[in-house]
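Once you scroll down, you'll see the structures, which are given as C-alpha cells.
The two complexes that follow have chain A in common; it is paired with chain B in the first and with chain C in the second.
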Partner chain A sequence: MRLAIVGAGAVGTAVAELAGEYGHTVTGLADSSSGVVDGDGIDVDAALERKRSEGAVGANAPDDVLHGPYEVLVEATPTTLGNAEPGFGHVRTALDRDRHAVLANKGPVAERYGDVRALEEKSAGDLLFEATVGGAIPVLSTIADVGAGNVSAVRGVLNGTANFVLSRMAAEGLSYEHVLAEAQDLGVAEADPSFDVEGTDAALKCVIVANVLAEDDREFTLADAEVSGIRDLQASALDLATEAGQTIRLIGEVSGGDVRVGPRLVPEHGTLAVGGTRNIVQLETAHAGRLNISGRGAGGPETASAVLADVGRLGE
Partner chain B sequence: MRLAIVGAGAVGTAVAELAGEYGHTVTGLADSSSGVVDGDGIDVDAALERKRSEGAVGANAPDDVLHGPYEVLVEATPTTLGNAEPGFGHVRTALDRDRHAVLANKGPVAERYGDVRALEEKSAGDLLFEATVGGAIPVLSTIADVGAGNVSAVRGVLNGTANFVLSRMAAEGLSYEHVLAEAQDLGVAEADPSFDVEGTDAALKCVIVANVLAEDDREFTLADAEVSGIRDLQASALDLATEAGQTIRLIGEVSGGDVRVGPRLVPEHGTLAVGGTRNIVQLETAHAGRLNISGRGAGGPETASAVLADVGRLGE
Partner chain C sequence: MSDSPDGVGPYTIRLELVDRPGELLRALAPIADNGGNLLSIFHERGNVTPRGQIPVEVDLEATPEQFDAIVDGLREAEITVIQAGAERYSEEVTVILVGHLVDTDLSNTLSTVQESTGASVQAVSLSAPEGTETESSARLRLATHSGEIDAVLADIREIAAEKQLQVIEPLTGGEAE
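And then the complex of A and B:
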C-alpha cells in the first residue's frame, strides 16, 4: 500500500523507516511546516536527513502530502484536545477522498469520535487506531476479535511515565519530585510531565476504549472521565501499601459506562503491578474469562508496529 | 455466515451454542456417528438434547454435514497424531469445496502443515486455527499482526493441566501423584493425563507456532520437538526452587528453528509464573519488544470464542 505520513516525530519517523520492511511504499511525509511527495515512493532517509540538517522534510507544503497519492493516511501529529485539530482535519481530508486513515494521534477518536465515525460511514475508506491505546499492545484488535459486546470491562496501566515513577518510588522509597526529576533526566518523562502524571493521557486511552465498547450507542470524551493523577502521592502511602503486600498503580478503567483513572492499590506481585514503563491491559470477557496483555505502551518503533498492523489489516 | 460444525464435544457444542450470538447460523452439526443438517439453520438446542437423550445429534450421517450447505467448516474433533485423521480429511473436503475451514483440532496443522497449506493454496477458502494455540489467548492473530518475520521467539505456559499440578505442588508442598489425583477429581486432568503431563499437548501448540513462524520455509511436526514432561518431578525440586525465589513451570519455546518443551525454573513472581490452569504466551518481537498475553488456555466457551473470532475474520 502507499502510505502518506503526517507528523514526523518519533512515531511518524518510525513508521516511515519501517514501512518498506512491511511491504509498503511511503509516498508522502509531512512535518508541521513542510512536506515531501512522490507517487513512486519518497527517499525516506533523505527526507529525515534533510529534517535534521535543514529543519524541513522536503520542499512541498504539508497540505501537498494530504492531497497527494496514497491509499492510507497515517496521522501521527501530537494529540490535541477539544476540536482535536489539526489531526481531525487531516482524517477528514483522507476519508473525504475515500482513503483509509490510521491514527496514532488520540485526539480525533477521544474527543470527536462521533464525528470521525460519521466521516468514515460516508467514505469508502476505513478508520483504524490501534496505536492510540497501549502502544505495541494489541488492545483494540483483541476487543474486535472478542466482539465489543462481549467485553464487560477494560482496566489497566496505560501510561508508562506514571508507572515508572510509581515503580521507582515503591522500590527505592524516594519522593515523587526526586523520581520525576530522574525520569526527566532519562527521557522517560517530558519537561512538562502534566499530561502523563495528571492522568490525562491514560484517560484519553480509556475514553477511546469506552467509545469502541459503546458501539455508537453513546459517545465519550475526556469530559466524561473521572481523573486523578499521582502528583500528590506521598512516598509514605507507598510504604504503607508495601507493608500490606500491596503497591500503587495509576489504573484506568472502563466499566458499566464509567471511565475512571486514578491511583489504586493492587497486589504487589499481582498481574496489574507491572514494572518500569510497561503497560498492561485486562479485558473481562463474556465467554473467554479474563485476558491480560502487557508490553511496551509507548516508543516510536513500538507504536509504529501497531500502526503497521492496522495498515496490514486494511490490506486483507 | 453459515457454519457446519464437526465434533460435538465441549468446543463444538460451545461453538454451536454461541454462534447465533455472533450473528452466524449453524447449518450442520456432526458427532462421530450422526449428523443434523438444515440450510436454514438447525435447532441447536434440540440437537444437543437429542445427543444427551439418544446419543445422536440427528438422523443424518456425519458425512452429510461435511457435504452440506455452509461457508465455514469448524473442525472440532479430538486431536490425533500422525496422519491427523479424520480431522485432516474433513479439512480437505471443505477446502476442496472452496469453503473456509476453522480448526480447534491441532492435528492437521501440527502434523500435516504442508499438506493443509497446499490444499488451502488451491482453494478459494481460507484456513484459520487460532483456537489450536492457547485457547482464548489471541496468539496467532497477534503473530499475524506483528508479522511472523518480526517474531524471533515465542515461549510460555501452554498446558493448563500441567500448570495446575505444578502450582499446587509448589503452593502446598504436595507430591505429583497427590495433586494429579486431586486434579482428576476436579475435572482439571483427564483419567489418562499423559497427553498433558508428558508435554505432548504443549509441544503440539509449539509445533503449530513454529509452522506459522517458518512461513512455509520449513515444516515442523511433533517429531521435531524436544519434549520432556513433569511426571518425574519431585516435590523437593519445587521446594529448592522456592527457597531461591524461583518456581517450576512447564515451558514451551519456539526459537531459532528449535521447538522445546520441558520443566524450567522461572522467577516465583515473574510473568511466566501464572497460577492454576492459566496459560501465558510471550512473543519476542523485532520492533515492539516483548508482548505477554495470558488468560484461559482451554475450556469449551473459551476455545469457542477463539473459533468465532476466526470466523469473524473470514467475514471481513
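And then the complex of A and C:
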C-alpha cells in the first residue's frame, strides 16, 4: 500500500524507514513545516538526510502530503490535548478523501473519539490506532480479538518513563529528582517530563482503552480520568513499600466505566512490577481469564511496528 | 489468654449512633437486658463519621450466648453495629500516605481513619528521613471486614484529600487478589 506519513519524529521516521520491509511504499512524508511527495515512492533516506542537514524533508508543503497520493495516512505528529489539532484535521482530511488513517498520535482518539468515529462512519476508509496504547504491545488488537464486550477490566503500567523512575528509586533508594535527572541524561525522560510523571500520558492511553471498551455507548476524554502522578513521591514511601514486600508502580486502570491513573502498591515480585522502561497490560476477560502482555511501550521502531501492523490489517 | 468456651469473656462492640438525645441510653439497654457487664464506654461526641453519626466503643463482659443476644438486641433496635467483639476482621489492606504527615497530626489522621472507616489500624510505620518538618511517608496496615476494602479505601481517600496527603493504594483486584 502507499503510505503518507505526517510527523517526522522518532515514530514517523521509523515507519518511513521500515515501510519497505513490510511491502509498502512511502509516497509522502511531512514534518511540521515541509513535505516531500512522489506517487512512485519517495527516497526516504534522502528525505531524512535533507531533514538532518537542511531542516526540511523536501520542497513541498506539509499540506501537499495530506492531499497527495496514498491509501493510508499515518498520523505521527505529537499528541495534543483539547481539540487535538493539528492531528485531528489530518485524520479528517484522509477520511474525507476515503483514505485510511492509522494513528500513533493519541490526541484524536483520546480527546475527540466521537468525532473521529463519526468521520470514519461516513468514510470508505478505516481508522486504526494500535500504536497509541502501549507502543509495541498489541493491546487494542488483543481487545478486538477477545471482543470488547468480553473484557471487564484493563490495568497496567503504561508509561516507561514513570516506571523507570519508580524502579530506580526503589532499587537504589534515590530521590525522585536524582533519578529523573539520570533518566534525562539517558534519554529515557524528556527535558519536560510533565506528561509522563504527572500521569497524563498513561491516562490518555487508558481513556483510549475506555473508549474502545465502551463500544460507542459512551465517550471518554482526559477529563473523565482520575489522575495522580509520581512527582511528589518520597523515596521513603518506596522504602516502606519494600519493607512490606510491595513496591510502587504508576498504574492505569479501566474498569466499570472508571478510568484511574495513580501510584499504587503492587507485590514487589508480582506480574505488574515490571522493571525499567518496560510496560505491561493486564486484561480481565469473561472466558479467557486473565491475559498479561508486556514489552516495550515506546521507542521509534517499536511503535512503528504497531503502526505497520495496523497497515497490514487494513490490507486484509 | 484462655477464656473457657462457656465462661464470661471480654468483648468490644463498635457502634455508630444517630446524633439524637437518648440514643446512647437506648444503645446500652440491650446490654443490661441480656445480663452483660458494662466495663467502659468511649463516646466520641466530637468525632462525627462521614455518615453523620457518632462513633461509640463499648467494652463489656458476657458469656458467648449473652453476647450474641446483645448484638441481636442492638440490631433489632436498629442501632448500627460496626464491629462486634468475637467477629474477626477477615481482610487486610496496606496503604501508604505521603505528605506533611507530622504537621497534619498523624495520630489524628490514624484515629480518623479508624473511626470513620470501621477498619482497625494494625500497624503503622513512619519514615521521615529528613526530620518531621518536611514531607514524610507512613505505611498503614489495616484490618477490615470482608468485602469492605473498597469502601475503606474510599474513606481514606477522602480523609487524605482533606489533609492534602497523597494515598498510595494497593491495586485491589488483579494480582492483589
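Structural remarks
Here, the second predicted complex is superposed on the first by the 316 of 316 C-alpha atoms of A that agree within 3 Å, B and C clash if a C-alpha of one lies under 4 Å from a C-alpha of the other, contacts with A are read in each partner's own complex, and residues count from 1 in each chain.
The definition used in the following text is that a residue touches a chain if its C-beta (ideal position, glycine included) is under 8 Å from a C-beta of that chain, and two chains touch if they have at least 3 such contacts.
This is a predicted model, so every value here is computed, not measured.
The superposition on chain A brings chain B alongside chain C with room for both. Looking at the shared chain after the overlay, A:271 reaches both chain B and chain C. In the overlay built on the shared chain, the residue A:288 is in contact with chain B alone; chain C does not reach it. Look at A:251: by the touch rule set out above, it reaches chain C but stays clear of chain B. Once the two complexes are overlaid on the shared chain, A:309 sits against chain B while remaining clear of chain C. Note on the composite model: angle chain B-chain A-chain C, taken at the C-alpha centres, equals 80°, rounded to the nearest 10.
In the superposed model, A:214 makes contact with neither chain B nor chain C.
Of the two partner chains placed around the shared chain by superposition, chain C is the only one that A:237 touches, whereas chain B remains out of contact. Residue contacts after overlaying the shared chain place A:141 against chain B, while chain C stays out of touching range. Closest CA pair between chain B and chain C after superposition: 12 Å apart. Across the superposed pair, chain B and chain C both touch chain A at residues 271, 290. Interface residues of chain C facing chain A in the complex, by the touch rule stated above, are 94-96, 98-99, 125, 127-129, 135-139, 141, 166, 168-171, 173-176.
On the side of chain B, the complex with chain A involves touching residues 14, 18, 22, 135-138, 141-142, 144-147, 150, 269, 271, 285, 287-296, 299, 301-302, 304-306, 308-309, 312-313, 316.
Contact residues on chain A toward chain C in their complex (touch as defined above): 153, 155, 228, 232-237, 239-241, 243-244, 246, 248, 251, 253, 255, 262-267, 270-272, 282, 284, 290.
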